[in-house]
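By letter and in written order, the chains are A, B, C, D, E, F, G and H; residue numbering begins at 1 in each of them.
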């Protein structure tokens, strides 16, 4: 029986890797904004792939606020919660509490049932570029385990029409693209201290394209554009994820 | 706005902690068998709480087989997949492949929608015991972050009628109970080398109670009863989770 | 009984966290200057909260001078020792030795009995800001255990009218405020080499406000204003703590 | 001025080390039971020294219950709280909450003002023994910093008539004495799982002498005598500390 | 071009993994004895696979003797050197020096050109067993990077008719088989101190089968059978590798 | 016998170290480009020495593409594969797959049989320089084990007419030479993101001399000259190794 | 000039390694007892070699007592101090203080000027044995740097007529010999707690042979024979070193 | 007896610390240049103190050249060897080999017998400064163990008329003085690559004062003045140590 299991996994798993070497949209990071964008993009019919460096999804959601298992969203985000069938409870005017575990699981199911593919344990270490005009056309990735191990192993490729950095505070993908390719003309301003009210709005406003083929969503937006950060309030993350889906739809179909 | 967020989280999060200090069934480990048992127990109307040491769920599922993102189940487990609305694809006779990310997310949603509560980032470090007759009545837990930090901090309690060890290979909860309380008469035989066919059956057969108030499910069953292990095949895990739910229902209602 | 203990701690502990989400003065660091300022500010009737990253207080006091369990103060600081009922012994003209353990314990009791609240094991990781004019209105904090663990967990907030950086050599809070918020116009000059006599005076002279809502006391003053450091002599620390209390009283009541 | 500070610390600090090379009672561990016993023993006129491995006191108190800053005591311990002037608040019948920071600071001030000496940053690594009859007559200690550094450095000595192990869960001193000196006939049974009600009583009952010259108090009692542990309830700790003081008074004066 | 590279590697690499899921002989360890046995077994027409945990071959050869880049063999091993076309130089009667780098490279080329497959970076973590009679039928393996990373990821399988432990000092495979499967009746005696002359002979004499389906060669033989070790002399290793090939040929063809 | 082995290794190993203190060409790094250049240079009659920091050769080859054991080369590199007798298989037009283990072993045998010397476990930590004109005349090296250990130990020397940096991504040797010797006028531009097609050509074009006595080959060329990187395609590496051999031949014989 | 330095070191250093492959007495550990024995044995005309794992000598001397730079010896050891020209100062009756730095340096000079060879940075990892009768005839050693690095590198040999374990608390050499060679019939009793007066005498009394060819001196004697330890008093160490020299002289000349 | 040992060490050790709080010359680093300067300065009648961060002396001497236990000096340094009674052997014209262990021990004995005091295990972490004119008047130091432990402990002071940085490659003391005190106008140029012949001369030429009260000797000279480094040749180190002694004599007596 072991041989059958082995060959089923190698054969069907590798068919997936082969198939997903070339996608419409590649999202790096399976946190709130990444998963939200995955669902709406898959809903629109794109071939969507999400790479997550950990072995499960949720990004910074799982620890709630300083480990207290509760987080909040504001009224504007309720339609998205409804799209994902996530329960919420009014805490006070325009502020709703939700369960972190449910938010993680339902965001993932939402994305998966819409047709997005999520591959866990993947570390993206570089981007693929072309010039004239300069653009980003995919990534170089390795299993996170290789990254942690420090072993010297070459990466593989994934090709994308649109690449979304949904990696959170460090904006890791934009950072790499900026540092290694001056011709992309990306300037990273660095996240500012906390101002929840203002930042929840700005993070959605600034969500968008940073170079041809490269987009940013979620808290990584604050890092790139020098916006204040927020705390354990997730409405802006979800709305940013939805907005980037709309922008990319326009760009890819435009 | 920060003050409102802060107080909403502290107030509503702590109400949950207060409420979930006392449950019918406490499951340690949000991997395949733990989440399966959570759903079926919650379906039966029990107050169910799951503690997971990481900040997301899925246990060993997320890495597929040696990172190849595909795992398998056998035919007997298909009804459970259907209960959770998980897609599968026939690989060959009696062997079906499933997507690891989907398995994680749908198991969690299944448990949550049935009414189970999942709290992430919780490390269970000891059990509560009573004697005459000896029995286990709950656990001592701390945030995983405290465990990792090595800081000397006292735990809190959670009281349970039934405690399920769904922690996987180490059978951590049974291990602690056995080592510290000889009067529970628990002997841990240690997992044996791999024999997938045989072990997929035995792991279900041996699923059950190990002491008053303490049950074991999933791969931890192999550790406790000296059974062979299996590999990236998950049917036995799911069926063991379902079976422990039935056993506990009988014990608590009996 | 476990359930009663559990619920008493969750209920009453969380009431404190709720209550102390909003304070007059928030002091970061329970070393000599932080605790001194806590006492005098609480004496003046302010609602005072102290966050300390370790699980006990005392900062750099406990190791005496290179572990020899004795430290010194000069004559000008004796009135403060008397306020805290700390014993001292003349070593030679204008130089008194004190017991480090007693200094720690009595500074803490002085602050607590005056009505200040001290919460241990708290790591402040960012500040809350507002603009026009730019000002600091509180902090973002997590349990130190989370910080050490490296887990990705969102912080909580505490709102303050005055925030005091009493974190010692690194001036951690001022550093964060300065780096992330150029509009606060804070320049950190960096501590200079040792000149005890001069620095004991200058550290008190320079104690004060560094931005709207943000103050600095103790050895952090040397870091911010480029003053020489001192060694295991603590008079300047105590006097700086007392002075900042007077400045803040004026600012908040003015 | 630096030279004066230097010489004041070396001279007066070393006089203390010289003086405290020989004491009536040496307590290892400045947690709740250690500090309580220190106060009552010093009150009785003994020369008392406390060695604490960290650079501040409080043992496991500072983290409250799983970092929630609140702990509890039962009614029987209220007289001790009163002796130390520690505030408490009734949570429910026979259960009182106290502030962890205040408990730490007031226990320390109580011990110090009674005349006990506390030296911080000291790691006890072995005991001094004599035979015929076998007895413990002191300890070998090094700065904790040396222990952490892994450097090969010889210890110093402290001589005692009575040595109290108040080191908590590991019962480190009794452990060393037992392992290295079979003729002391000490058997360590190992702490059992939690049963707060029973263990709060037993920990006081079993507090006492484990070999000539060697005593045990606090949670270390559970380790040595195989008692169940408790959680963030501290009445037993305080009463154990008071009881060991009475036993030693009888032994040394008897 | 990236997509072409990606798909060529995924397709052809995975065909190899699929193909090599089931082999005649699986050798764990690409040191001197493992590579020697690989060549002679492949020469005999068996389907041979070598798993090596590092990302290159050679085991303990590369460091010579205490980093001095020279090792020795005795006269009896010269025919094997000739089979592999390895140069040697007489040092004195019956003792020849060889170049460590050449030994590594030529052993590997010898094995590869004979038709053996070597896969690098593979950590074998368990064996597959069957009972009645008890026998070993393959292994569970993961990328070494996963092992180093500490991530919780399920292994894959490889099925074998004969499994050779050529892992060196720890005899890792025999160790696992023995510890987890008492019915295999394997007793590990532990390597003894050095006696080069005697041990160079005994290591060849004891080379052989340790359980049905499981064989041992090279320095692991000393570990299993309690023989003295040798030092930087490699004749015994090569001759043991050749001998195990002959034994397995007989067993598989017998 | 031990004494004979000992003295044979010390005597003959040290004769090698003595002899190889002074070489025509010193290559740092035994990866694809380093080994290729070693063979062609030795073929031309130069005294060639390769220092490799690990205890075996192959650089980044052994992990294939993200651990999938297969790598590719393009058509232009086939003549080199033939020189080294390495098998290849057409994947599609102008793209051939090869076995990583075979590539490593045959590159090494090719270099060794041509007469190059490879010493493993050597860390090069600095270069030897002369001025007027500024030139590099050799290296300072220590065993890698010393480097890892952090012990303070002086290096030894090796003198060379031509020194090749074949260390890969970091271009470690050129980096050291540039940082410590401004008069060499070396500017390191830093590797750019991936563009396989372009970079496979440019890496060969830019292969060459960076200062008198100092040359660069392989992926280190991208680091030095700011070229895009490639992925698990190795044709450029091999062709760069061959080209540097031709350039150096001209320079040394010129 | 670099080439000359290189070749002088390789040539003359290696002549020493060759020459010192075979000695009369090999002492492991350059602490107080090891260096003392080295001097007296060299004085008697033996070819003496000392291996020390650190890069300088002195063992536990350098840290004095808990870093206070002073140690003591009793009257009986004064003749040895005189032999080494070490200054001492009476502290009180029969107790003399000495300077740790001077003790280290003069012990080393004493040994060297008597003709002993000291090689630093050497880790002894095993012994060479013969049977019938069982005896120890030398050691296997590697540079300490290799040990720390964790690299897999074979050791070299040194042959001895008498091997002295002067490694201190762990009695590392006797430990290895005992564990790996049951036929040597060595039982290690483990050091007991401190009793300075008694142990200073017993350590000299028990100094001697533990197996044919293997001797023990210094604090390792306490480990082997189950004697109490002492603290920063070094008379016993020196006298034990002198005594072992006398015993070995008799055995080798016997 | 333990009490006597304890009090002798505390009393006499502390008298030394008290006495050596104020010296003529403080040398940081007990390597070749530091110890050489210590001897010649003590010979001239100065009160000399050496602080060494390790627990023994010798700096980088003990590892010889890449662990081969031999180092070299040139002819010009022979008079210094003679002053210290160190044996040497001609290797070739103007190049002599010496034994590293002997060099360490004899340099130390030379310094000690001349009257210098060496305290081991001391980490210097800052300097004492005065202005108008800016000058260095001593250091702040802690036990190295504290530094390694990372504990927050205040330093002690030592006052000096002349402070010598003999810390080797990093020039640690000059580095600290330069970074923290711009008014000292010290610019650190950074060591260059190796050119032994030239650097052996320049290191002596540049030996001298870097600021009022602060001097530099040995390899730290290369770091400060941007000179090439040398390798395992030690003549320059010894001559630099002798020269700094002469310069300081002039400055202090001048």
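Following the convention adopted for this analysis, a residue touches a chain if its C-beta (ideal position, glycine included) is under 8 Å from a C-beta of that chain, and two chains touch if they have at least 3 such contacts.
For reference, the UniProt names are A, B, C, D, E, F, G, H = Thiamine thiazole synthase.
Given the structure is predicted, the values throughout are model-derived calculations rather than measurements.
**Q** Stepping chain to touching chain, what's the minimum from chain E to chain H?
**A** Tracing touching chains, the least step count from chain E to chain H comes to 2.
**Q** Which chains contact both chain A and chain E?
**A** The common neighbours are B, F.
**Q** Same or different interface residues for chain E and chain G, judged by whether over half of the residue numbers are used by both?
**A** Both copies touch with mostly different residues.
**Q** Suppose each chain is reduced to the average of its Cα coordinates; what separation in Å results between chain C and chain F?
**A** Using C-alpha averages as centres, the distance is 56 Å.
**Q** Where the CA atoms of chain A average out and where those of chain B average out, how many Å apart are those spots?
**A** Centre-to-centre distance between chain A and chain B: 29 Å.
**Q** Would you mind pulling out the distance in Å between where the CA atoms of chain D average out and where those of chain F do?
**A** Centre-to-centre distance between chain D and chain F: 62 Å.
**Q** Residues of chain C that touch two or more other chains: which are they?
**A** Where chain C meets two or more other chains at a single residue, that happens at 2, 5-6, 9-11, 14, 17, 55, 62-65, 67-68, 71, 121, 128, 143, 145-146, 151-153, 156-157, 194, 231-232.
**Q** What are all the touching pairs of chains?
**A** The set of touching chain pairs is A-B, A-C, A-E, A-F, B-C, B-D, B-E, C-D, C-H, D-G, D-H, E-F, E-G, F-G, F-H, G-H.
**Q** Please name which positions on chain G make contact with chain E in the complex.
**A** Within the complex, chain G contacts chain E at residues 126-131, 140-143, 146, 151-157, 176-177, 180-181.
**Q** Which of the residues in chain A come into contact with chain E in the complex?
**A** 2-3, 5-7, 9-11, 14, 17-18, 21-22, 55, 121, 128, 138, 143-146, 148-153, 156-159
**Q** Quick check on the complex: what are the chain E residues that touch chain G?
**A** 59-60, 62-68, 71, 168, 190-195, 228-229, 231-232
**Q** Hey, which residues of chain E end up touching chain F in the complex?
**A** By the definition above, chain E touches chain F via 1-2, 4-6, 8-14, 16-17, 54-58, 62-65, 67-72, 89, 91-92, 95, 97, 99-102, 104-106, 108-109, 112, 117-121, 143, 145, 194, 196-197, 231-233.
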